[in-house]
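Structures incoming, each one as structure tokens.
Two complexes, one shared chain (chain A), two partners (chain B, chain C).
Right, the complex of A and B next:
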């Protein structure tokens, strides 16, 4: 119980500190929300009137305190850009990013686990086959996801016309159409991330395979299959879970680049737009969401450790 | 052991192949929704077909759907289809009656009398009344709550309802150019949800707006012009950037896209109709007249002589831009004076002037450019090369648009910048900014004669004198080398070959009402 309380306390403190930093960073960076809205036709009177209306005339500390007071109640204010509540805006965009995250994660697991195990089963690590696969995975890993995205759109979207580039369909209109469109963005994320997971898993498995208990298992007459799935995989998974954790956090926080390339209206693209138009309430809420996700995912990873390896206990439970 | 391995490999490979194949097949299902009958031999004279829906790609989010609060050119361009004023612009750049059927202007230019058109209805079904007109204009002029929403309309003293179909607009002082600002939208009196559910009188009515996705409008069946619009539905889809838009055009997701670069237009020209027209934009290298060395007239002239408009136009606009010599565009044909030859590129003269100004070896300068405008960035690059020839060492400082607005445009903390100033139908809109004390005189230009002529021009009631005055103002800007005025860049629009009826306006709008399918 103490363990959970401590985690929650850390979460709250981190959120508080990050929100403060974001708030004051927005004060310092050049660019002004009001001028951004009024554009080149702004007169000093119009600027003044709008500042008054948005409450930007008050000192920064007062504004922060007010924002904090509302945020604690779950009220993140109204978006300057869209004149709608920030919470309802996020509620619309979250399913998009979360679906993308879930689909990519499924693909990552489906692609990388079999391939990682397969690669780790290569007879001679360091041999020719092993080297070729190693180089291949290195190449795939180093392709930037925006480039991969453009290539996929170009080949599958424009030449082969497998899907319509930018033909995003909202999940509220057509769920199947939505999932179909999200498939290729998910593939784009999955390919580069999978290359990393495959390599990670392979290294970890090879290391485990050299462990003493493996020799013991073989001498007891266990088949290679049984050794791999019964012992090696389970132990080799521990570092991989940590790695998957960072990937999950990464993807759930909005795959900014991939959302941009595929014109997917998710959290990542919303963040970019909001920063460039100085839509502060939205930026603040999204950043807190990202921090929240990262902390929660780390927490879940900790829990998984214990499931995989009961030796790792928190001590004070 | 060998066998087990083999089986594992084989079944894994099968599994992966199977998964991918299934997914690919599932996705292939919807590809031929709108790709049927792609015959390319359609001429623009083809018979209009009613109905159909079109997707227009737009590059930025809308700043507000309230027509009186929207200021971004990209937003107004779209709202043009939903809202109308008492008058509106036509494709020739004239002001023609819209919600009003006719208007009269008193001889002293103090009273504008409008007769409302019969049978104009708002999208909510209500007829437009004199009260709505009064409300709309008073809201813009700041009579309702003190802050004018459209500065040019703050000259309105009162709006009087004469009878149910006649409205008098009374001014504080004579204004001969007010009519072109009365394109301001007429909206229902007291309706306060324009920002989320806009209601106007235009050819299309609002259906929905989803942030980051787009704005959907449908045909206004009650539109007062018989037979217009042709299309049933138009979606203004927000593209994340122009590269994404290019892919979507090629993939057939969007049908219409404007603001192409000449390179992009070339790339699309086989599959799309490309339209090109002036856009009433003055692109220039603007020099801060209050900042050394540009406080020196000779230096400004030297820079003008160093730069070749033609070269820039051929590089960035594919030879389609209009070379300019002052701050007025050829679209405003009555007032425009061609001064583009005043500073023909002349390296010798430029060097001479620099020496005279005390910079025989040139100097270092910074060009601040909003990084998101590739067009201006490209232009700046060519300018840097051209300036090298006279010994001026220019560096480009890319800056975010928000920061440009606050640092360069508002606080005037810059040496030089490349930007385009968007004009309106009123001839004074662009050029009046160079009056010494104008709040938007961001280059700090100051000239006594200019101020004098500028003060006279908006109250002059004699059209001939007015034209003379505007021409004189253009000449002064050129004589004093206020900045380097480069070009009115072409607005390049890609349009699906199945569509016809596109009207090129001399202002920044995309009129969807005249577009129709030819099959």
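Right, the complex of A and C next:
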């Protein structure tokens, strides 16, 4: 219990620090925010009025407190470019990105676990089969996700016409059409990440296979299958679960790029346009959302880790 | 450490790829088959041929010449990033690992925090504050990758800190700085080198990704990432436009990862 309380306390502190960093980083932007919006030919009166309207004349700490209060309620102010509430801008885009991330994650697990186990079951680590698979995974890992996306669009979209590139369907209109279209971006993210997870899982399993308890299990007459699924996998999974936290972070980052490739209107795409147009309230909100998701997921992974391996909370290891 | 004199096959293959690509990019600084930014309406979208090895793009520019230039940009950016982060990371890692204490605790906490987030996300924050452009990309990624090097060098330094040869050097009155750089660092160099090659890869991938998103290298300068984003619009009529720069990136990353895998394999 003490362990959980401590973890939750750390989580709150971290979220607080991160929100502070996100706020103050955008305070040190060179050049005046107001001039960015009004343009350089604005009269001093106009600038002053705008500053007053945006509340930029108050001390920075007061503004941070206000911003944080609103942010907790989900209110991130008004977008410079679209002149609408940032929250309403994000409302229908956030589910898109979350769906993409979730689908990618599910695909990663479905692709990499069987492959990782299969690879770890290779008779002779370091043998020819092992080396070939190793090089293959190395090559897949070398493909940048956006290029993989382009290749998938070219082969499956343009040549084989399995899907219509750029023909994104909103989830509010047609749920199955949406899922069908999102499958391809999700596969794109999943393939490059899976190569990494497969390798990680395989290394972890190989290491476990050398443990003493494996020899004991064999000497007691267990079959290789039983040893793998009953003993090795359980222990070999533990580091992989922590690794999944990193994977979620990478999937979120990957979706920023892949949304661009497939013209999926998620928060990643909005983030990129907002950065180019210097629409800071939107950038701030999106960064905060993504960072929060990553932190929360890592928190959950920590908890899961503790369940899988009770040694952690008792201070061993 | 070295058991056999035979060079590892991974190092050989990776090194060969890198040397060829580096030569191409070096030549590209002085000579390219065609002027990389010269537009020629008459030779728009030519398929790969003997005259245009990778074909031509929507402005009739020779893609191979542009890939050579882009390779130079990407390599320069990647190397600059690693020089910044590698140097800073090595120094920080040696200091924190050797001395420990509160400073070590604080620095490692900060590193953990930075490491917890994907580098491209952090780079986007930097870019949105500083503005896009090649120098800012180098600066942003250079800072962001410092923790990864710090962590590796630090843990290795801790390992060597208590070795007898370090202790006896200390007893002989060798200064801390000298112990760190002359006695400890050469021992952890191969581990450091392996992480440098991984670092170059990450830097190249991040730079290409950001240029693809249009917030890295500014046009008309050639960059492999921005070429791909241009190429995507013409995938239907000129698929080779994407293949040239794309395959080059893959080859480059493959080369460095083979190299790092080989270094790791042969050093332990």
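Just so we're on the same page, the second predicted complex is superposed on the first by the 237 of 317 C-alpha atoms of A that agree within 3 Å, B and C clash if a C-alpha of one lies under 4 Å from a C-alpha of the other, contacts with A are read in each partner's own complex, and residues count from 1 in each chain.
Keep in mind that, in the parts below, a contact is a pair of C-beta atoms (placed from the backbone, for glycine too) under 8 Å apart; a residue touches a chain by one contact, two chains touch by 3 or more.
What you are looking at is a predicted structure, and each value in this text was computed from that prediction instead of being measured.
Trainee: Any idea whether chain B or chain C touches more of chain A?
Mentor: Between chain B and chain C, B touches the greater number of residues in chain A.
Trainee: Figure out whether A:250 sits in contact with chain B (first) or chain C (second), or with both, or with neither.
Mentor: In the superposition, A:250 contacts chain C only.
Trainee: For A:287, decide between first (touching chain B), second (touching chain C), both and neither.
Mentor: In the superposed model, A:287 contacts chain C only, not chain B.
Trainee: Under the stated touch criterion, which partner chain does A:211 make contact with: chain B (first), chain C (second), both, or neither?
Mentor: neither
Trainee: After the superposition on A, what does A:142 contact: first (chain B), second (chain C), both or neither?
Mentor: second
Trainee: One more residue to check, A:298. First (chain B), second (chain C), both or neither?
Mentor: After superposing on A, A:298 lies in contact with chain C but is clear of chain B.
Trainee: Output check: A:151 vs chain B and chain C. Expected answer is one of first, second, both, neither. What do you get?
Mentor: The answer is second: A:151 touches chain C but not chain B.
Trainee: Is A:241 in contact with chain B, with chain C, with both, or with neither (first, second, both, neither)?
Mentor: Touch status of A:241: no partner.
Trainee: Give one of first, second, both or neither to describe whether A:118 is in contact with chain B, with chain C, with both, or with none.
Mentor: first
Trainee: Which partner does A:102 reach: the first (chain B), the second (chain C), both, or neither?
Mentor: neither
Trainee: Using the superposition on chain A as set up above, list the residues of chain A that contact both chain B and chain C.
Mentor: After superposing on chain A, chain A residues 29-30, 150, 153-154, 158, 165, 260-261, 276, 278 contact both chain B and chain C.
Trainee: Using the touch rule from the top, collect the residues of chain C that touch chain A in their complex.
Mentor: Interface residues on the chain C side: 116-121, 124-125, 127-130, 132, 205, 208-209, 212-215, 225, 228-229, 231-232, 235-236, 239, 242, 246, 249-250, 253-254, 257-258, 261.
Trainee: For the complex, which residues does chain A have touching chain B?
Mentor: That would be residues 29-32, 35-46, 49, 79, 81-84, 89, 92-93, 110-111, 114-115, 117-118, 121, 150, 153-154, 157-158, 161-168, 170, 177, 180, 183-184, 223-225, 259-263, 265, 269-270, 273, 276-278 of chain A.
Trainee: Would you tell me which residues of chain B are touching chain A in their complex?
Mentor: On the chain B side, the touching residues are 1, 4-5, 8-9, 12, 15-16, 19, 23-24, 26-31, 33, 35, 61, 63-64, 71-73, 147-149, 151, 195-196, 210-213, 237, 239-241, 243-245, 247-248, 250-254, 372, 400-403, 405-407, 409-410, 421-422, 439-440.
Trainee: Within their complex, state which residues of chain A touch chain C.
Mentor: 25-26, 28-30, 138-139, 141-147, 150-151, 153-154, 158, 165, 249-250, 252-253, 256-257, 260-261, 271-272, 274-276, 278, 280, 283, 287, 290-291, 294-295, 298
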